[in-house]
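Across the two complexes that follow, chain A remains constant while its partner is chain B and subsequently chain C.
What follows is the complex of A and B.
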């Protein structure tokens, strides 16, 4: 036992340092947001301040909706593509890799100007255009997550085995492939949600207001309130992702142990 | 009980290469036929076409008197075991075994009973609730075998199921597959590049080369009467010893032997194909060969020899006989009477 503990000591140190690096600023921000300078004590005054702002719920729900939209677009587009590529569409792999890398290479400003000059008017006047833009921004990460996850599974043999055992293509995809890749799809979903919920530059360049741009505007008048808002949005995104993770745990549980 | 299987004129081309060239194969119900050959000979392609995982450019596949080559894979009722472990990682052993029955609409309790029956048959009755990652390679292939047999397939297709396993597990599982196949009477096609595996398990072995069957016969027939040089070289050890035409016979190592087939009587650069056990070696100072080395294989020993002209060959004898031979000894080697293949050197 003692040896085991000693062996994992470096790991604990590494995790400890990482935890301090990530948590200390968060805890400090949390502590700072609870201060009430007028009375020299702690309280939820600044949290109550932003919760009572008339636009709070509107922008929060809008951001969530846009992020879910982006995730839906990406998954509908990328899951079949990645499965198909891993089942034998090898010829087009290079092209898909190139296309999904483009958003990393093209500056956000260029994307924004491109969208403003080339998209038809109905698209420019509907805020759900942002879902499509977020989907483009998250594509490099989501695609790579999906592709890596799928590569870890011998998808071709498994689908052939399923078909040989009497499952049609549709049943193979629904009853065999989907449960196996669920963990991977979820990772891609998290990635897209997290990126979309925190997106600022493109939204601002396209002159739309979402939760992030609204927080920035609000922070100009009330610095403690803005920090409270930031802490809130960080924690709520975290909680949201945790909830999604918990919700689908039973199926992904077996897979995560399988991968180990 | 399995069903008879026929392949008629099956051809499969991939761009410029011909993987299968007008292949005919006739397998009786309950028979185990091994498709043996070097990589690229078309054996796996043939198996995939039978399974419906690949389509032939021409030809027909018949099972139990029904033409099935137009049917999709999932309607063919074939059990298949792959080289790489193909168990579903999100299902446990029992659910894996029951999968084929689930696809056929069998009730849950029947599925479970049958899965247990099959897991017991492959020696894993206590592993029903284990997932893939909790099973060793050999156990995974056993579950895969149980899964392929659970729905009583017309034909069992085994695509090098033992190649990924270590030697000891492989030898055990080889015997188990054969006894299971005999017990269930399932018609089985076994693809392998390992001649020992093919020879020890199959009722008949089909040696494949360039997309067609070079010879299909019982293992002993294949070994003792290979149809051509390729089969002779692929199955078992074969010496190539210079031969000289003497009327209708050939002279090999001072022995006159009969010829089964000869490449060309006019040629002078001919070699006879002779198995190591068809040679008799005795100590003789005026002999025709020299002992190079001896290797002990238990009851038998292999002796590496060299003709006085410098051609190396091997002889197999009992270890007792071989103790008299030492490196450098001059020996007289004779070829046992029989019919031999003579080919161009």
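What follows is the complex of A and C.
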């Protein structure tokens, strides 16, 4: 036991330094955001300021909606593909991997300039176009997460067993495949939400306003208020994703073939 | 080998019509929607960038936009962006790799999970919130700056500012190191304990194992992750925009200014040629990345 702990010491030091490095800017910003220069004390004035802005709730809900939209689009597109590939469509695996990784190769700015000039009129006038574009940006991460998660499970053997015992395809998918892939699907959802909620480049270059671009606009008038907004947006994304993270844990591990 | 055997058995076992409908259904549900979706929202916009980059103001074919790319100020912007990408990749890949190694080799399952989810949040931070956090901590009046001053180190004694090239590289580490941890951890995870044990049983020392087996295995993955970090910093837009406010010429910012109409240039399609230039630089880094990742995936899973 003692030897183990000593071997882990460098790790704890590294994790400690990382934690300080991650928290320091966040805590400093938190401290700044509570300053009230007029009265020389601390308080929630700047938080109340942005909470009372009429646009605050609007843009927050819009960003959440767009992120959920992107996640829904990606999961509908990719989950059947990933399951199918892991059940036997091996020949096309290379093609799908190549396609889904392509958005990683193209700088977002380049995609934005193309989307700005080429998307059809109806797409340019509806902000839900952003969900589709976010889905493109998150695709490499989401697909990789799904594929790695599914590879770790002997999906083919399990479905064959279910089929062999007389379950219909539909029943196999609902009662056998779905519970197995739930954890993996949630991880992919997590990646997509994290990316979409913070997306700025495409949004601003396509001249839409979401929560991220709104924060940027608001930051020009009130610096301490903007710091408060920044802290709020970072902390809330953190909390939201940690909450999802809690649910990611269960199902995926039971059937994992990896040893710990 | 065993995989092809399994499909072979499977084919024998199911009636032909079942296999056929299954395959059609697979094609229909599995890949067709993906192709359609990507064509509309990915390939079509990019195809547009490509062909309009060869068009002049009157819609005539020209290479003029690309000639401009190789002139000032665009040439220096490309140099700056590539330099930023390289330096950021160096400063983030090394600490990221060390952190990934320590966590993967010694961390508990729970810690690894925690680091993984924290990293994927941090890798997505950027823009104004990130800029403000760093200003609050390391700005002229920042808490960390004040604290370091108390310890006798004035980081502003030289000509350092957060809004310089060095400052941007420093801010980028906040999302680049977590990105490195995410990308590099699977490679370290793939070094099986059994291999270490096998090497030890054959009489190898720990050092010999790493020199002859471990490092050669993970080195390609390190290069791949390095290239990814390069591409990420090279094309980052939101943070660069929040931090530099036009003081440093970077290609993404120039394209952004052209798109927003902040800057008017004589040729309308210059922005597209600049964008194609970015695609080429990024592809030069990302294609080797994808190839290495694919080869590494064979032993990592």
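In this text, the second predicted complex is superposed on the first by the 233 of 260 C-alpha atoms of A that agree within 3 Å, B and C clash if a C-alpha of one lies under 4 Å from a C-alpha of the other, contacts with A are read in each partner's own complex, and residues count from 1 in each chain.
By our rule, contacts are C-beta pairs under 8 Å (C-beta built on N, C-alpha and C of every residue); 3 or more make two chains touch, one makes a residue touch a chain.
Please read all numbers here as calculations on a predicted model, not as lab measurements.
Taking chain A as the reference chain, the count of touched residues is higher for C when chain B and chain C are set side by side. When the two structures are aligned on the shared chain, A:115 is found in touch with chain C, with no touch to chain B. Shared-chain residue A:136: touches chain C; no touch with chain B. Of the two partner chains, neither chain B nor chain C is touched by A:188. Judged by the touch definition given at the top, the superposed model places A:171 against chain B, while chain C stays out of reach. Contacts of A:180 after superposition on the shared chain: chain B is touched, whereas chain C is not. When the two structures are aligned on the shared chain, A:75 is found in touch with neither chain B nor chain C.
Once both structures are placed on chain A, chain A residues 160, 260 are touched by chain B and, in the other complex, by chain C. Chain A makes touch with chain C in their complex at residues 7-8, 10-11, 14-15, 18, 22, 24-29, 31-32, 73, 76-78, 80-81, 84-85, 88-90, 92, 95-119, 132-133, 135-136, 148, 151-152, 156, 160, 190-191, 194-195, 197-198, 200-201, 204-205, 207, 212, 215-216, 219, 226-227, 229-231, 233-234, 237-238, 241-242, 245, 248-249, 260. Residue ranges on chain C touching chain A, taken from their complex, read 3, 6-7, 10, 23, 26, 29-31, 33-35, 37-38, 41-42, 44-49, 52, 98-99, 102-103, 105-107, 109, 111, 113, 115, 117-118, 120-130, 132-138, 142-144, 174, 177, 186, 228, 231, 234-235, 237-238, 242, 251-252, 255-256, 259-260, 271-272, 275-276, 278-279, 282-283, 286-287, 290, 294, 301. Chain A contributes residues 153-154, 157-158, 160-168, 171, 176, 179-180, 251, 254-255, 257-258, 260 to its touches with chain B in the complex. On the side of chain B, the complex with chain A involves touching residues 51-53, 72-80, 82, 84-90, 99-100, 103-104, 131-133, 144, 147-148, 151, 157.
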